[in-house]
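There are structures below to look over.
In what comes next, chain A is part of two complexes: it sits with chain B in the first one and with chain C in the second one.
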Partner chain A sequence: MEIAVRECGSVMVLDLSGRLDLASGSALKEEVKKLFGQNRTYVHMNMAEVEFINSSGLGSLVSIMKEVRLLKGRFTLSNLASYVQEIFEITQLSHIFEVFPTEDEALASFQTVSAS
Partner chain B sequence: MHDVVERIGGLLAKLQSPDFYQREEAVKELGSYTQDEAVAGLVLALEDQDLGIRELAADHLAKIGGHTTSQLLIRFLANEDIGTRNLASEILVRIGSAAVPALLRNIDTDDEDVRKFIVDVLGLIGDERAAEAISNKLWDENANVVCSAAEALGEIGSADSIKPLLAVCEKDNDARLQAIEALGKIGDSSVLTHLIDYLEVDDPMVRFAVFEAIGYIGQVESITSLVPYLDSPDNSIAEAALGAIITISNKNRGRADYDLPLDKFTDFLFDGIKSRDEEITDFTLDRLTHWYGSDVVEGLLDVIEHVDDERLKQIQESLGEVGHTAAVLVLKKLASASKTVKQKLLDILRLMIDDQIADQLIPYVGDEDPEVRQRVAHLLGISGWSGAVPKLIQMTEDPNGHVRTAAYAALGWLSTEDHVDNILKGLDDKYPDVREAAVGALVIIGGTRVVAKFTADLHHDDVVRQRLAVTALGWLGETSVIKPLTEAINHPDAGVRKSAIVSLSRMGTQIDTEPIGLALTDENSAVRKAAISALVTLKGSEAVNDIRPCLDDQDLWVRYHCITCIGEMGVADHAAYLLPYLEDDSDIIRIAAAKTMAVLGDEQAVPALSDLMREKNKDLVEAASMAISKIKGDK
Partner chain C sequence: MVKYTFIYPSKVEVSDRMLDDLDRVIAQQGIEPTIAEHLRLAVSEAFTNAVMHGNNQDPSRLVKVGVQVEETVVTADITDQGSGGLARIRRRKPPEPLAENGRGVDLIEHYADRALFREDDDGALVVSISFERNKEEQGKIT
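And now, the complex of A and B:
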């Protein structure tokens, strides 16, 4: 999996592409940990190019979500492919993650919170 | 004509009958005539002893309208019975603009009560033609007429009335209140400076009217003049000033962003929300984002049962911003809340949940309301607090299926492989939602025991469980599921075989394609189609030699699918394989082949495609035509 990190105002955006599994999930957690170390706790992941996700990949996202909650940050996802969306539904992860159809909508939601 | 007049005469006589039904019948029929005699009869019926007949006559008169009706009704404005006078006024208002000329002709009548009635009616009709005549009544010798005239001018709302109304404010103490209200309703900002001057008069009623009028006019700039009154020692004045600011703010969609001492008005504002005052509710909730404090939070929690879902969401988000302080107050209120409020409070906690709050929710695991228990299970899950796992395991035994579903989902987010056995029980639940939640939880947890369980379930007695198992193995997607999924390609159930192939193709890496290739000859056509798709996904264009035999499959739709897949590979050389199918017996196959030729663009296909142009089937001709255009265009 490839992970590209970019900054959008107060939000760190991670563009993921490829397969999110055990190995890439660990790499992703490491990448996010680095951001937390820099006090960047507003994180968004654009999943448009994620073609496959398995149990380990889901576990890594859950783990990141728990960390974000502890740090009182915020973690959003967008552009889930239909297969990834399907897994999110069956695991009911769609109820704990903030999932947006597009990255723009996700980033706008950060702005709303910041403004308030 | 003579007959009609005679008939109406008979009906008028019937109006004098002691029999209710006779009179009612007469009124009904009179309502169908437009002759003045009939109208006169209906007007007479306004004095009938029976209310039903009076109202029936009123309805007919309002519908007939016109000059005669209005003129006759105006006479009733002097009737000694107040009920009749009111009824006549009401009909005139219903007649509307058509009654205005008659009313204006009588506006200077000697009877001051009738003058007042006429002015009132004209105001309610709201026709600008009456404005000038009513303005003249601002100087009537009778104070009631003057007050009515001021009110009527406010209803009509003509800017031409501003000057006379301001003059009344100056000269007539009795009608000042009505004049100020009228100026507010007219809504012209040019009067603001005059109105602001009246904020200093002694009469509190006038001052209230001024605040209301300023609010009604809605100019943001006038807030500066209102703000000092927020500090008035007289609460009613301070609240009237705030009321005006609220109206202005709402009229300007919240753009009136002044720093206001709202803490002083919490009771006023929250009472307004409780009494469902829309203006106060909008204003208060819009300002929440920069107005915290425990009294505000408590106020908000007190009103959650009085607001709609959208506003509840607004409150929820605002309290989420407040965070832990709000959570403490929510938890405090939760202890004594009613069923509905409890559910709403739990929804509020969603945005602020953490370990500590989750811990405080444990007593509600046994709440009598299943909707509360369901919400608690969900909150415990999203809290991320692993300490909640034992309670959630307990909740998987809840008598309510929705609670069990929420508990299993939450366990998926919180637990580890140590809790797999507890979650596996959910696979045997009687409700499919609960079983799916358990599967979802197991997919998140994963691990060898979960894989082993689903692998074993591939041979469960119940075929539904077998299918659930193969799907779950696909969702798990770990390397360890490749073997059981590959074996499942030979499963006795076609649904399982197909699902195994689909899952393997999605996994993509390290997959042995040979067993999938064997499935191209499966007895079930859906499995064969899945195998074609899987091979194309896994091997790309190299799969063409594997799937080519399926071009002659016994099943039409397998053949169709195979042609489409070869087309999607986009390799021009593959067109040769499809040429014979342009002459297939089936139109469906020929259409698929023609469409694929449009993609692959092989010139050798043109003669066969040209033959297809002579076919009767329009879809076939269209597909062939497109393919030829594409091929020739490419060339």
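And now, the complex of A and C:
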């Protein structure tokens, strides 16, 4: 899996591509931990290029979300392929995560929260 | 019928190689995209369980992945070299909403047309996953 990190205002955006499984999930958690170390706790992941995810990959996202909650930050996802979206629904994680159709919509939601 | 057999050490990082091998089988045999998607996920889940729980990430213990491709069915058998795997599966409970693991077997059972869990004579867990091919074609009245 490749992970590219960019800054969009107060939100750190991670572009993920490839397979998200046990090995890459650990790398992803480490990458996000670095952001937390810089007090960057508004995190968005664009999943458009994620071609495969399994339950271990889902577990790494749950782990990140729990950390974000502890740090009073926010964690959103966008651009899930239909197959990935289906797995989120089967595992009922679609109720747990904030999932947006597009990155723009996700980032706009951060502005709304900041403004309110 | 075409049969492939792959053997891997029990290392987390080997999962990429296993998926690459599976992708080659899928391409060579022209397995339908939806079945291919579900096959990759189900085999990946069984493989992860074999590496992590069956073989406890001991690289000297092996995981065997056999894929059998027939005209009407694709079957994958994932075998570890551990013990007590069947009992572990039988006593599993639904994961808590914020659990970081425990969803793999449910995903296998959701996507596979048939999922069988058994132990061989050595006590190793064998997960056998089948997918029916051309279901729409078979359902047509001629």
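Going forward, the second predicted complex is superposed on the first by the 116 of 116 C-alpha atoms of A that agree within 3 Å, B and C clash if a C-alpha of one lies under 4 Å from a C-alpha of the other, contacts with A are read in each partner's own complex, and residues count from 1 in each chain.
As a working rule, a residue touches a chain if its C-beta (ideal position, glycine included) is under 8 Å from a C-beta of that chain, and two chains touch if they have at least 3 such contacts.
Please read these numbers as outputs of a predicted model, since none were measured by experiment.
**Student:** When the two structures are laid over each other on chain A, do chain B and chain C clash or fit?
**Tutor:** Because the two structures are overlaid on the shared chain, the partners are seen to clash.
**Student:** Could you look at A:102 and tell me whether it touches chain B, chain C, both or neither (first, second, both, neither)?
**Tutor:** The answer is neither, since A:102 touches no partner chain.
**Student:** Thinking of the overlay built on chain A, is A:111 touched by chain B (first), by chain C (second), by both, or by neither?
**Tutor:** neither
**Student:** Looking at the overlay, does A:59 come into contact with chain B only (first), chain C only (second), both, or neither?
**Tutor:** both
**Student:** Using the touch definition from the top, say if A:23 reaches chain B (first), chain C (second), both or neither.
**Tutor:** Only chain C; A:23 stays clear of chain B.
**Student:** Using the touch definition from the top, say if A:70 reaches chain B (first), chain C (second), both or neither.
**Tutor:** A:70: touches chain B, not chain C.
**Student:** So which bit of chain B gets in the way of chain C here: 168-176, 474-482, 564-572 or 582-590?
**Tutor:** Here chain B runs into chain C along 474-482, and the other listed stretches stay clear.
**Student:** So chain A touches chain B in one structure and chain C in the other; where do those two contact lists coincide?
**Tutor:** 19, 21-22, 52, 54-56, 58-59, 62, 65-66, 83, 87, 90-93, 95-96.
**Student:** What does chain B use to touch chain A in their complex?
**Tutor:** Touch residues, chain B against chain A: 289-290, 317-318, 321, 323, 354, 378, 381-384, 409, 412-413, 436-437, 439-441, 443-446, 450, 475-478, 506-509.
**Student:** Which bits of chain A are touching chain C when the two form their complex?
**Tutor:** Residues in contact with chain C: 19, 21-23, 26, 52, 54-56, 58-60, 62-63, 65-66, 83, 87, 90-93, 95-96.
**Student:** Quick check on the complex: what are the chain C residues that touch chain A?
**Tutor:** 12-13, 15-16, 19, 37, 40-41, 44-45, 48, 52, 97-104, 106-107, 110
**Student:** Okay, in this complex, where on chain A does chain B touch?
**Tutor:** Touch residues, chain A against chain B: 19, 21-22, 52-59, 62, 65-66, 69-70, 72, 83, 87, 90-93, 95-96, 113, 115-116.
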